[in-house]
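So, here come the structures, one by one.
Consider the two complexes below, in which chain A is the common component and chain B and chain C are the respective partners.
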Partner chain A sequence: MDYAAVIVLQVAYGIANLALIGLGLAIIFGMMRVINLAHGEFLMLGGYTVVVATNNGVNLWFAMLILAPVVVGLIGVVVERVLIRFLYGRMVDTLLATWGLSLFLIGLVTTIFGPTTTTTVSPPVGALKIGDFFTSGYELFLIAVTLALFALVYAVLKFTKLGLLARGTMQRADMAAALGVSTSTIYMITFGLGAAVAGLAGALLAPITGVVPTIGAAYIAKAFITVISGGAAILAGTASAAALLGFINQAITFITGPTVGEVALLVAAIVLLRLLPTGITGRFFRRGL
Partner chain B sequence: MNRWPDKGRLVAVGLIGLVFMFGAPQVLQLFTVINLTTAIALAVLALSLGLVWGFGGILCFGQTTFFGLGAYAYAVAAQNFGDTTGAVIVAILVAAAAAAILGYFMFWGRISDVYLGVITLTVTLILFNLIRRTSGPEYKIGTALLGGFNGTSAPPLQVPWSGAMLFPTQMFYVAMGALLIAYFGCIWLTRTHFGRVCVAIRENETRAELIGYDTRLYKLGLFSIGGGLAGLAGILMANGIGRVTPDLFGLPYAAQAIIWVIVGGRGTLIGPVLGAFGIFYLTSWLGTQQTVNANMVLGLVLIGFVLLLPKGVVPWVMERVARPRRSAKAGRARVRAGRRAMQPAE
Partner chain C sequence: MTMNRRTLLKSASAASLVLAAPGIVGRARANDTIKLAAILDQSGGLDLLGRPMLAATKMAVDEINAAGGLNGAEVELISYDPQTTIQFYTQFATQAAAGDRADVVHAGITSASREAIRPLLNRYQSLYFYNTLYEGGVCDMNNFCTGSTPAQTVEKLVPFAMERFGKKVYVVAADYNYGQITAQWVKKYVEDNGGETVDIEFFPLDVSNFGPSIQKIQAAKPDFVMSALVGAAHISFYRQYASAGLTTEIPLASTTFALGGEHLLVSPEAAEGMLLAYGYFEEIDTPANAEFVEKLRASSSEEIPYIGETTARSYEGVMLWAEAVKKAGTKDRMAVIDALRSPVSFDGPSGTMTIEPKTNHALQNVYIGEIKNQKIEIIEEFEAQPPADTLLVCDLDENPNQSTFYFENGLAAAGIE
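This part shows the complex of A and B:
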């Protein structure tokens, strides 16, 4: 019984991990049709924010939950103003430009902090005892934060004026502009929000993975698989794809080890796209958000 | 219709290539010649992406998938067979087959070009992670250990049926010869009926389909050929460094392949090749300078070209060169204008 609880927790963590990594990307992609290949580097910047802040004596909780999203969100706003806004409607070019941005950020961070792992942050939550088994309390905390984050994004999109304007702009930018909405500002804020969520995710995962300039490459594959398999709906898509792929990944990992688990994740995603080319929410939960 | 309006230019390119092939080892130091072999391998990779992306409109961000698979298949097969001629054939076939399988899922799933880029990139990154974890003695194919992060050794090419190993200079001849053959092979391919249909699909897939072509088959064919060519690049690369490592699948090579094509020019074949040589020397030079991080410069180059010169250098230069002559020689200009119409639409 206790063993089953531990396994369920592991599967839930695998799902939460994918959802957390993918959400920032999904916001930017779902809202703006911009595929941000620098997403992994936004996560990396979130991690570095935590490392730098805690080294300078800032409280870890504050650095992780407040400082990292704010810093990376601001970087996102700058990136949108300097680079992305020239490329709306040119999807392939945004892909290439954000890839250039990704390389640039890797190079910049390597120049500043050096190419090796910077001081890792130890998880602020200790181990948790379930019956005879110990499991990571921090993973449980991450599951809770992911749920809270999804609820928060849902509430912002559904119940605030900003959310209403953002959804309107997403559906018909020209009509929103005709009604007096500054779509350019909305795009800027959306991109900043997506970057902030990515920064938060990177900060939260920093204690588990450590921080290296090239860590983005480890995240980006999983994030893209999740978001593309999810389809157009931001929250429903990311959540359903993360649930399906996270379950497959953890199940296969449990049976055969992590090497095959990651391949199973990829194969499942490619087969899924063969069956549902528009992603899960292209067929199911169409009215989801 | 004249399919070879630029015969003179092609002959010139071929001659320059031959002069370079036989001249470079005479005047350059051995170290430089070995380095050049690596650059040539990368140029073949650039050529494969230039063919697939520039002429088929297939936005493959993970061309390194087939590059790495070709290199690994060559190393593993050569260690098992003890002979490299068979290994070369196996490697090219493995790479082309991998492209065919991946292509089936993508083209029959009707995935749009942007998703296609992301999926191919994901495939190469996952392979990178997978191969990196194969360090234990249980991960072996035949007698060849995969070796995880450190990779495995790639036996140097041998003369077919004799078993005599090639020296680095001879390896350079082989690599350069392969590049020239691959280049002119690609030129020929893009001017066959098959190649023209691929260009038509790139320009307007729906229209090509309505005319009656099964666009999925044509794309699959082109993608498989590109995969095989990338596999050949992998073989040359394995010979250039003498080892195959998971880095061949990694993000740096995948990103550089895109940069070569963007800088050189989509829709041309010489552009990606020149782009590969140029960026190779830029990164080597930056490596010796030790002042600026190479990734940072590459990132800025990519952003700069996307924003300011999205067509690439070669088409830009060709337009500048072709324009003043048009009034003087109207006949040849018309041919040039026809060729310009073959360039991808913005």
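This part shows the complex of A and C:
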């Protein structure tokens, strides 16, 4: 019974992990159609923000929840102004440009901090005991934060003026511009928001995965698989794809082992995209956001 | 000026002679120096290990030159950065062997990189040193492997950990040949010592979520967990293990942790009490090692957080080669190989190392250490350990014309399927 409980928790965490990694990309790729290969590096920068801040005596909670998204969001704004804004509508070019950006960021961080970084931040939540089993309390916390983050992004996109303008601009930029919206500013803010969410995710994961300049490579493939499998509706899509793929990944990992578990995730994504080429939300939850 | 085919040919050949001249002059001068090529990753995922390895190689070359070189000739270090990419390894190894005509190549970190360049260096007849601990099994007249193998480290670590913690062992390992083969050796030594391996789990190198496995470990209730996890993503295992509060419940032993100073990268409680076995630890308490550590830190342009076996062995590998060149009195490849196998010894930071001529591996000291508050305390020392695993399958005295990698590395010879 207690074993079943920890397994359920692990599956929930696997789902939350995918959703958390993918959400920032869902905004930048799903909404803005920018193939952001530097997404993993945005997560990495979030992690570095936490490590550098806590090494300088900043409170861990503040560093993770406030500082990291702000810093990475600002970096995102700079990147958008300098690089991305020239490339809207040119998807393949964004792929090349952000790949270059990814290599640049890895190189830059390696130059500044070296190939390894001391990440002695421990998870700020202790272990939990369920029956005979210990489980990480921090993983529970991450599940809760992921839910809250989805709710927050939903609320911003659905109920604020900014969200309305952003959604409108992404659908028909020319029409939005004709109605007097400064689409350039909206693009900048949306990209910054996507980067901020990625930075927050990277910061939250830093205590349990650590940070090295190349850590982005571990996230990028899963983020893209989740977002593409999700389809056009960014929140419903990312959430449903994360739920499906995360469940398959964790369940198979429990039954067989991590190698087959990773394979199962990829096979599931391939089969899914063969059956539903436009992603889950191409057929289900089409009115979702 | 009119240009017909004949004048064009003339001028072209004259031009090429002029262009070639510095090359000819350069080659004539190059005879005075002995060339040592180092191909070690300075960027990409493996730079964690590769950068201090190159720093140690440089220091060894500098020391040799400061002492007057080898047989009166200066040693020239040529360094390439393969950027953690296998195709660069083959490219640079070809460049070093055919272009630079290097007299010896010290190269490779992963077994994959070694196997990419080993046949190539054989073909060009360039002497090759591989200074990384690995799963054992290379049997090649032209290739000297100075790192420790499982029979040297795992064989010592497993009984020690079983004595201390208990007989039920759970193995987690990286999913490529090092992890796969090492896990089998762990299993064999656990059985040899009357214990039981409850499960073996393999992880692809980019897995960073270990939650399900951590629960499976708890369900299996082992006495300790043996880890052969590799790489940056796998460090997450120790963090997540500690965040579930297990480090104190089910202790850890590892054949890979702390090699690149990982115990300094995680929080102290994540690694506390872990048992390790290597051919070298920075904490070895000898005057030779104290001098080595101090000089390496002083000579390196960048900070080296921890000096592990691969770093010390890169230094000792060059020194072993230098001893052989002195002994042979020439840099000629076959003469140096014969001298190495005669065999040569070197008293270095890890103690006395001697080439083992049947396998071209090394007799070396093996140490067991325990992590205590981010420092490694050496608790046992075994002198002049032979590479017993590779010895099961390899005898270069008997059959010198070999350049084989026994992939199963004597597992079958040791009675493991």
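Operating definition for what follows: the second predicted complex is superposed on the first by the 287 of 289 C-alpha atoms of A that agree within 3 Å, B and C clash if a C-alpha of one lies under 4 Å from a C-alpha of the other, contacts with A are read in each partner's own complex, and residues count from 1 in each chain.
The working rule: a contact is a pair of C-beta atoms (placed from the backbone, for glycine too) under 8 Å apart; a residue touches a chain by one contact, two chains touch by 3 or more.
Quick caveat: nothing in here was measured; it's all calculated off a predicted structure.
**Q** Should the superposition on chain A be reported as showing a clash between chain B and chain C, or a fit?
**A** Superposition check on chain A flags a clash between chain B and chain C.
**Q** In the overlaid three-chain picture, which partner chain does A:102 touch, first (chain B) or second (chain C), both, or neither?
**A** In the superposed model, A:102 contacts chain B only, not chain C.
**Q** According to the stated criteria, A:110 is in contact with first (chain B), second (chain C), both, or neither; which is it?
**A** Both: A:110 reaches chain B and chain C.
**Q** In the overlay, answer first, second, both or neither for which of chain B and chain C A:7 touches.
**A** second
**Q** Touching A:35 in the superposition: chain B (first), chain C (second), both, neither?
**A** The first partner, chain B, only.
**Q** If we overlay the two complexes on their shared chain A, which of chain B and chain C does A:209 touch? Say first, second, both or neither.
**A** second
**Q** Of the partners chain B and chain C, which touch A:149 in the superposed model: first, second, both, neither?
**A** It touches nothing on chain B or chain C.
**Q** Touch check for A:259: first (chain B), second (chain C), both, or neither?
**A** A:259 sits against chain B and chain C alike.
**Q** For A:217, select first, second, both or neither according to whether it touches chain B, chain C, the two together, or no partner.
**A** In the superposed model, A:217 contacts both chain B and chain C.
**Q** I'd like to know which partner A:71 touches here: chain B for first, chain C for second, both or neither.
**A** neither
**Q** Name the stretch of chain B, from among 7-15, 25-33, 115-123 or 205-213, that runs into chain C once the two structures are superposed.
**A** 25-33
**Q** Need the overlap of the two footprints on chain A, from chain B and from chain C, as residue ranges.
**A** Comparing the two interfaces on chain A, one with chain B and one with chain C, the shared residues are 110, 214, 217-218, 258-259, 262.
**Q** Under the definition above, what is the set of chain A residues touching chain B in their complex?
**A** Chain A residues touching chain B: 35, 83, 86-87, 91-93, 95-97, 99-108, 110-111, 214, 217-218, 220-221, 224-225, 228, 258-259, 262-263, 265-266, 269-271, 273-275, 277.
**Q** Which chain A residues qualify as touching chain C in the complex?
**A** 3, 6-7, 10, 13-14, 17, 110, 114-123, 126-127, 129, 132-139, 207-210, 212, 214-215, 217-218, 250, 253-254, 257-259, 261-262
**Q** Residues of chain B touching chain A in their complex?
**A** Touch residues, chain B against chain A: 59, 61, 102, 105-106, 108-111, 113-115, 117-119, 121-123, 125-126, 128-130, 133-134, 250-251, 255, 258, 262, 292-304, 306-307, 310.
**Q** Report the residues of chain C in contact with chain A in the complex, numbered from low to high.
**A** It comes out as residues 43-45, 47-48, 51, 175, 201-204, 206-213, 215-216, 218-219, 232-233, 235-236, 239-240, 242-246, 249, 260-261, 264-270, 302-303, 305.
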